[in-house]
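Presented sequentially are two complexes of subunit A, the first with subunit B as partner and the second with subunit C.
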Partner chain A sequence: MTQYRVLPGPEHFLPPAAASMGIYLPNPGEAHINGVIVPEEKAYEEAARQFLMAQVPTIFPGPLVLWAWNEKAAKKAAAVRSLYETLKECVQPGQKPMLIPMPDYRPKYPKINPEVEINPNHPNLTIWHNKIDCCMFIGVHCHQANLSLKIIRGGTSCYTVAMCAQAGHEDAMLSFRDASVEKILKLGEWIRKLKGTVKPRLTSAKTSASN
Partner chain B sequence: MSKERIKISPDLYDIMPSDYQDLVQSATYGKEDRGWKDIGTSKELIEQHSLCAGCPESMAFRYILASLPNPEDTVMVGSTGCTSLVFPMVAVHNIHSLFGNQNAIASGLKRALSVRFPDRVKDVVVLAGDGATVDIGLDMTLQAWFRQEKFTTICFDNELYANTGGQESGLMQKGFVAKMAPVGKLFDKVRLPEIARESGCHYVVNCTVSKPSLVEKVIRNSVLIAREIGPTYIQLYTPCILEIGKNSMEGLQEMRDSEKPTERFAYKEYVSEPAKQFLAELAAKDKERKAAAKQLAGKA
Partner chain C sequence: MAEIKSHIGTQNKKGQTYTDPWKMMHEAPRNPSFYTGSEVIKEALRRASCDVMIAYPITPQSEAAALIGELFAEGYIGDYFRGESEFAVMSQCAGAAFGGARVFTTTAGPGTMRAMENFPMWAGARLPIQMIVTCRGINSPLSIQPDTIEISYLLNTGMLVWHAETAQDFFDWILKGFMVSEEPEVHLPLALCCDGFFVTHTKDVVNLTPTDMCLPPYDPYRSPVPCMDMECPPVRMMRDPFIMKSNYISYATHASWQQEIWAAVERSRKHTIKWINGLIDTENTDAEVVIVASGTAVSQGREAIRLLEDEGVRCGLIKVKSLRPWPGEEIREATKNAKHIFVPEFNVTGWLAKEIKATIPNSERVHAGPHVCGGMTMPPEIIVSEIKTALGLRSESLAGRGS
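Let's look at the complex of A and B:
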């Protein structure tokens, strides 16, 4: 069994793909935390804890939920909004939840404003500019999510969560699989459940989300 | 084919950057008579670009994107060159190919789209520079035409390799001295429009982009003919003002000077017999549609 763990970075400029280090994906009903397979219930608790601990917990909805390309996508978008509202209700003063879109994958530089939208080719800019220390990807095509998660792990200290509709992501620090409206809402329930029990990591703006 | 398929999830609408909100609200997706006159009154399918100030290629891009008959169901295939700096800013599906491979990729793409979406019209448009079309990719360009692949090839002809500093290209005119071709070109400009005609293209046009109405007509015809009949080829003069020693304001005049009757970009058009028939039918239908719309407006 591998000793490698998927931990917040900065790991180094080109971090290895976690899969190449022996990390494998969870089976249905499971998730992984730092590369260790756990029951899904444990992952909800840990993800909620990480969100409540973060100074700038952020949700990054991708094109698969931002665009209403079918009815299910629009329902997932509503669930994402509900999760964000829950997060806002449950954090303490000083914490600043954010909802930042990834509308598409075009590397549209210099047009892009990394503070208001995230691009998979330079997600670190959005993390740095907004001092994000915990984020969750949802509705991002897997290949783009893998790229982003690796860049974030390589260059920032941000904790990454993947709410993946497929088989999950080894390169996230915590990954769910088979994401659905119910699962997104369930994470919201866990956040509500842990409200007030987690001490937020409130540091000065200078040191948060370092690098 | 309309905005029905391009909708933002209502619950996340407010967090979308305004460019995307504008695209959904006022771009001309699904508009039957879209054209260059929409520029300035509706959201364009090109954001700010990273080309040089005054670059005629940026004009060409804007006119072409405004004239595509079916942008929401069009995939553009580009290649290495100045055009590849613009494609990331374009709100039309696009693929960047290996240098010169664009027509081979477009061939496979068009066939795959026909299989995957048999009930939907999907257009493929290749847009590449003269180096990719005529030098490095000539094999792929010609083979696609020989095989009668149903897509449009547009060549932005600036008569040299512009973004690598001005090397000689096959479409450079004879005797021209460029920064990295100091001896001057010893051979004639390759006559690709003629080659295209002989290779089986059904609609071939050689012109500049100084007249937006003309560009609109040419692009529309070329895409519609490619959809129904067979390959089409458009060669547009988009001079590189930097490499020919012009100022930002002089691109348009350069194109006007080059399209005079005796010049190398005087308007030339070839239409095959099946394409002529198709265009005539199209014109008749268009006339009918406009008359019906006028009648309807009169009744209202």
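Let's look at the complex of A and C:
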């Protein structure tokens, strides 16, 4: 069994892909935390805890849930919005939830506007600029999500969560698989359930984004 | 999986029923048929719900490519045409796959080499194209005869690489290969290799699945990248500052992209193990002498083991089925008792022996050979001779055979 663990960085000049370090993706009904396979239920609790601990908990919705390109995407987008509203309701003063889209994968030149979007080719810029210390990717194509997750792990200390509609992501610190509207809403329920029980990292602003 | 399930039980325009792939391959009745390897490729494609096949003639795959043309005429393939060259074929395959099609092609020898630039591009673009490689010599002076040297060039392209021993492997793995390479977390091209002529042009009994069953169609919406989008990498390439710029962000993106390809190869491991029942097959690996081989060298090794048993020498066998993903852990475990490891190969460089040496502890145990190349056959007797010589046993000179 591998000793490698998928932990918040900054990990390395060029961190390895977690899959190449022996980290396996979860099977249906499972999730992983730091590369260790766990029952999905445990991952909801941990993801909710991480969101409530963070100074700037952020959701990054991607093209698969944006643009209402089919009925399922529209429903997921509504669920993501609901999760964001829940997060705003449940955080404490001083915490600043954000909802920043990854609208597409086009390289942005001469420079991305990190206030309004994140890009898989340089996601660290958005993380750094907004001092995001916990984020969740949802609706991002798996290849692009993995690029982002690896670069974030390499250069920032941000805790990463993936709510993946396919098989999950080893390069996130916590990953769900087979994401659905129900699972997105269930994460919101867990956030509500843990509201007021988790102490936010409000004093760690200097180091949380690890610039 | 929801999309796949929605097709199961319905029929295509040829009246074939889209069938659960696992049931089709493992539970459906099999019909023994006497076919050449080329005919087997055709029969597998008949059941593969393939959208596009692109052909170009080069021995020894030309017959298979022509036979698949017959399938197109019969209505089993969505589209079929001949490219202008192997390079053009592989580029056209990429275009079809970018557009969301299940794509199949065949090539061999110098054709593989000519098209080589496309293979890392396929992998980088996460295109699950399946390519049959009927291996033959590649060097000058020209040889069309069996030789597996071209496989070594494919090993670092980012493609999945499997090496079939028999026509039965070929039939099963063509169909199972689509299931592995189309998994969203894998989504890589597969080079399904065999030893040209030995497999393609000889007849064997092959157990076929029913002709009225076929794989569910490919679902491009499960792809880890969008279908062709001219604004996004990898299609948006040379004109883009992100690609061409010399700065850390550009480098980091490229590096992460490459890592992701090889991560996907790793992810294919569990699916490959599930579908082809392990990355290796083993027999008697408690023996002190073990043969490790891939392709038809496995068959020759098996016969050598029978000859050795007649002489009281016990020998184990490891059949390497998948080269990418590489069965490192499996080979380490299967060779842990071996004092002598022999790697017979149909190529001059001994690439499989090098891979094994790089994998196991105490690699001086590996005897890289015997090798034949340039189309030579590998009589089991030369494997026996190599083993007996290494063990210090008397071995007759094979040069005098028949005199």
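The rule is simple: the second predicted complex is superposed on the first by the 207 of 211 C-alpha atoms of A that agree within 3 Å, B and C clash if a C-alpha of one lies under 4 Å from a C-alpha of the other, contacts with A are read in each partner's own complex, and residues count from 1 in each chain.
The rule is simple: contacts are C-beta pairs under 8 Å (C-beta built on N, C-alpha and C of every residue); 3 or more make two chains touch, one makes a residue touch a chain.
Bear in mind that the values here come from a model prediction, so they are computed numbers and not experimental data.
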| item | value |
| --- | --- |
| Partner touching more residues of subunit A, whether subunit B or subunit C | C |
| First (subunit B), second (subunit C), both or neither touched by A:P63 | second |
| Partner chain in contact with A:L99 - subunit B first, subunit C second, else both or neither | first |
| Contacts of A:G154 with subunit B and subunit C, given as first, second, both or neither | second |
| First (subunit B), second (subunit C), both or neither touched by A:I37 | neither |
| Partner chain(s) touched by A:Y109 [first = subunit B, second = subunit C, both, neither] | both |
| Residues on subunit A lying within both footprints (that of subunit B and that of subunit C) | 106-107, 109-110 |
| Touching residues on subunit A, where the partner in the complex is subunit C | 14, 16-20, 24-25, 63, 104-107, 109-110, 120-122, 125, 141-144, 146-147, 150-151, 154-155, 166-168, 170-171 |
| Of all residues in subunit B, those that touch subunit A in their complex | 5-12, 15-17, 20, 47-48, 50, 88-89 |
| Complex interface listing, subunit A residues touching subunit B | 61, 65-69, 73-74, 76-78, 80-81, 99-101, 103, 106-111, 113, 116-117 |
| Interface residues, subunit C side, partner subunit A - complex | 126, 183-185, 187, 222-226, 229, 231-233, 236, 240-243, 249, 252-253, 255-257, 259-260, 262-264, 266-267, 270 |
